[in-house]
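Note that subunit A is present in both complexes that follow, paired respectively with subunit B and with subunit C.
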Partner chain A sequence: MKSDKDWGDELAWHCAACDRPLELGQVTVTYMNNSFTTDMPRCPGCGRVLVPEALALGKMAEVEKILEDK
Partner chain B sequence: MDQNELRQWERRCIQEEPPACAAACPIHVDVRSFVGHLQKGRWDQGWQTLARTMPLAGLVGRICDGPCEARCKRGEAGDPIRIAALEQACVRLARSEYRVTRLPGRPKWIAVLGSGLSSLTVAWDLVRKGYGVTLFEPGDVPGAVLCDAHPVLTPAIVAAELASLRTLGVAFETGTAVHGQAFFEDRRDRFDAFYIGLDAVASLQWPLDRGARGEFWIDTGTQATSRPEVFAGGDVLSTIWRVAQGRWAATSIDRFLQNVSMTAGREREGPYDTLLYTSLTNVVAQPAVPMADAKAGYSESEAMAEAARCLICQCLECVKVCPYLENFGAYPRKYVREIYNNESIVMGSRSANLLINSCSLCGLCEAVCPEDFAMQDLCLQARRSMVQRGKMPPTAHEFALEDMAFSLGEDFFLARHAPGMGESSHLFFPGCQLSASAPGQVEALYAHLNHALGGRVGLMLACCGAPAFWAGREADFDRALAQWQHHWEALGKPKLIVACATCHVVFQDHRPEVPVQSVWETLAEVGLPPIDTASAAGPLAIHDPCTTREMPHVQVAVRRLLDQLGVSIAELPFSGEKTECCGFGGLMQNANPVLAREVIRRRADLSGYDYVAYCAMCRDSLAAVGKRTLHLLDLIFPDRRIPDPATRPRPGWSARREHRARLRTDLLDRWWGETPSGGPDYRALVLKMAPDVRERLDARHILVEDVQQVIARAEAGGPKFRHPGTGRFKAAGRPRHVTFWVEYAQCEAGFEVFNAYAHRMEVHGP
Partner chain C sequence: MPEEVKLYESPALRTVTGPTIRPGGLALTERALAHCTLPTEAAVLDVGCGNGATVAHLRHKHGLKAFGLDASGRLLGTGRKATDGLPLIRGRAEALPFADSCLAAIFCECVLSLLSAPQVALGEWHRVLAPRGYLVVSDLYARNGEREERPASGALMSCLAGVTGCRTLHERMRTANFEVLLFEDHTPLLRRLAAQLVWAYGSLDAFWSAVGGGCGDGCQDQGGRYGYYLMVARRGAEEHG
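This part shows the complex of A and B:
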């Protein structure tokens, strides 16, 4: 799992509603009846998750393809 | 696909058929591989290839008379490859080591008479199968008959080969009188089968049925005689045929001793005609390489030069012309198997999904295949099956299907009689992509058609359903066509005029009762409007859309129009019935954008001339890779505001939708005097985007409308994130099956968009 440092600028974002910087936290990801947990930047207040671009276009796209071909 | 269908499909692809030489060889030596090794001077591998099929290759390889040469494909372009001479050179130049194994011993004994080629072959084949073999030579020296007949075979060469037989366990008895009936009667108890090598022994007094001239009755092929345990052969002049008859006899003896069918599965044992097709296009005739010393045979360099003339016969006609088939590294016969396995898989990854979904369904493979193998039929069938079983990856076609839904929806759909008319003689159906690419030309074309055809030309803006058809979604396709048909009937079933070849094929194939004509044919009949600008000066290369492959009348009409326009035309190497797809067909562009780009790049590189296309999607695809391409309508309805229409960029996906929607509202306004109600509020949001951002979003299939929805929701109090350093916002929205993330900031005009990306997975907090 990535350390805080690897997330770089992604943790600099603030939740606009709670005005709090994001922290890494466990989230649930689901796709095509598959579900797993991982860490992503999220608001410590309301729990809203920010999906970073590198993750969406990298690992997530990769897993999406694997699940679609299953 | 069941196993039966699989085999039917496999049979249609002939790439794995043997080349003519191997098929003509009585023992089917893999001549192509053999010569292939010699091309590279790999003598040892050449020898191993020979020895895999040829018994006692060190001996037979020196005297094979090469009947295969008469069938060599190279012989149709110069001299046939001198295969027999290459065998001799290889045997001489290679380190000839037999790597033979013997199967576990079987308690059956075979008596082989004579030491000619057929007898030695029987002994070689049967001893390796584990049988006990005794070779009876009436003379004093086994193999002496070979030395006598073939001066090239020295006693030392023959002795060495016979030593290999001995090592394998063959027993030799010399000086035995085999002619009399007594030999047979005395040994019937000791031996389970007999082989009579008629190339070395003759005039036997054995109790066997004979023909009119006193020769044994032999069933050529099985080499059986009238006694079930006695086999015979070798009574032919050709050396390799003697070997072959020995081989067939050995197979029969093995089957006889195992008490299995003598004939099953032996159809292709002797020479046969191969189905393999090998094109000789661009093959320059070459004579055989001469030998400096005919007695010594080919030297190393001579043999390599002679081998280099070999065409290494293959078919691959389809793979040669199709980047898609080439891209997946094999050929249709292999792809059929992969697709079959893909369908049969229960657990694990369906690795052929991309293969199935990348085909443009253009049908060029079928047009060039000697056996009419239609990869497009195979892929479409597989897609339908995937859809039915719920195994179609959602990403493969979703974006195109959403685009289709847009074109069938309220933003674009329109079906009207001409203004003020209560009936229609014709119905103009421009299709979704011309409307997306050049809405102004659609209106101009409609105006001209309506005028030229008497003022009762109705108009329908919609999609023909082709994307659903290509995606294998039969129900969606049927729905699209049903919607079309409902409105066509309501308009009084007018004659249909289509501007898109794909629509044309769809209506022709799926609504055969509908009278349909290409707009190019109509224009060729009714004439062009007066044109007030000079036509393009230089010759233009015509790009025929792949969907006109089987519509030569449309291709002819287009050429007639270009002639009327005074345009000199150049034909591309692949045109007419052999034209190539632009990469959009079959939704290749959706399922495999990288390949689609390669396809269109190759197409664009075929000619240095500017192209002229008559399919909006083809034109835009060519334009997208920087190829100067006109649409035929650019010549018929020149727009003075666009000085060089060949460089008009391909409108992005968002622009395509906007163009369609605007075409509808403009037409309603200008022709029917109606003001349609506005769309959703978020469409009023003004976005500012740098060109590179716009391009990136287009490549990611993120529409302006998607971005507008996300920002509208975030700005209406929805969740968003703020970056304290840049002051920008980031927000997400999931209007359908995709989550869109947009990074933006407020600006004077509205909102500046810096980036957007998407993912399909759903993410939730803990």
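This part shows the complex of A and C:
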């Protein structure tokens, strides 16, 4: 699990809608009726989540592949 | 000689599966129970009970007189620590310390493919089950054929060790004089577990590193060679042998 320190780059982002800095928070990702919970950078105002590229192309893509039985 | 790595004893797996250590957890147990008529206080046995999570569930939620048997002293120790007084016995699935025809049901979840002599075990389960007693099995199966994998000594001992296809499973049941009442595919539960492992560890490779062993090619398989099933069978009416 990444700590605040590991998320340095992503936590430097601000939410475009709320103009607030992102904070690390628990997020539940759901795909094909399967839910996975993890900490990700999110806006404390509107709750929008920043999905880092490495996560999207890494384990998130692998999880999708497994669940789709590809 | 390297120490044998037993996947089912690994805390790395338990962190993701919880105490039941299998795809689907207690959900498939519950589904099987819906197909069985078991009176309160009926004597049942969980073969390969691990730390006894299912035994505790059967006793506390269903009022069954449930026992557990496992070959792993490590897992039984964890179970005894978690629930004091749980009747957990160390022993082998092929030689049960029970009298003939004394059990109303046997549960064997994610264990059958691990046994070195599954047909012997089925014969033994037939012996201890009462006539028309239930046998509940959930496990992996080979979806594309009848291949049976057995890793060399010292390799990872996991649920892939003796996976067979549907035809072999049904033949084994017939040979042991069990009548199959229900056979359902629950492969999405296996996929979900694999996905949860990737989510928790970053990749399956990282998971196997955490377990402490390699897994040949089997567990890297994402092409759907393996499925997961639930079977409910009954001991045949006529006498065995």
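As a working rule, the second predicted complex is superposed on the first by the 69 of 70 C-alpha atoms of A that agree within 3 Å, B and C clash if a C-alpha of one lies under 4 Å from a C-alpha of the other, contacts with A are read in each partner's own complex, and residues count from 1 in each chain.
Simple rule for what comes next: a residue touches a chain if its C-beta (ideal position, glycine included) is under 8 Å from a C-beta of that chain, and two chains touch if they have at least 3 such contacts.
Please read these numbers as outputs of a predicted model, since none were measured by experiment.
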Query raised in the report: In the superposed arrangement, does A:26 touch subunit B (first), subunit C (second), both or neither?
Result: first
Query raised in the report: Which of the two partners, first being subunit B and second being subunit C, lies in contact with A:62: first, second, both, or neither?
Result: second
Requested in this report: Please indicate which partner A:51 is in contact with in the superposed arrangement: first for subunit B, second for subunit C, both, or neither.
Outcome: first
**Report entry** If touched residues of subunit A are counted for subunit B and for subunit C, the larger one
**Finding:** B
Report task. State which residues of subunit A lie in both footprints, the one left by subunit B and the one left by subunit C. Result -> 63, 65-66, 69-70
Query raised in the report: In the complex of these two chains, what residues of subunit C are touching subunit A?
Result: 187, 191-192, 194-196, 198-199, 202-204, 222-224
Report task. Write out the stretch or stretches of subunit B touching subunit A in their complex. Result -> 348-351, 353, 393-395, 719-725, 729-730, 732, 739, 741, 755, 757-766
Query raised in the report: Across the complex, what residues on subunit A touch subunit B?
Result: 12-17, 22, 25-32, 40, 42, 46-51, 53, 56-57, 60-61, 63-66, 68-70
Report summary line: Contacts from subunit A onto subunit C in the complex sit at residues 34, 36, 38, 58-59, 62-63, 65-67, 69-70
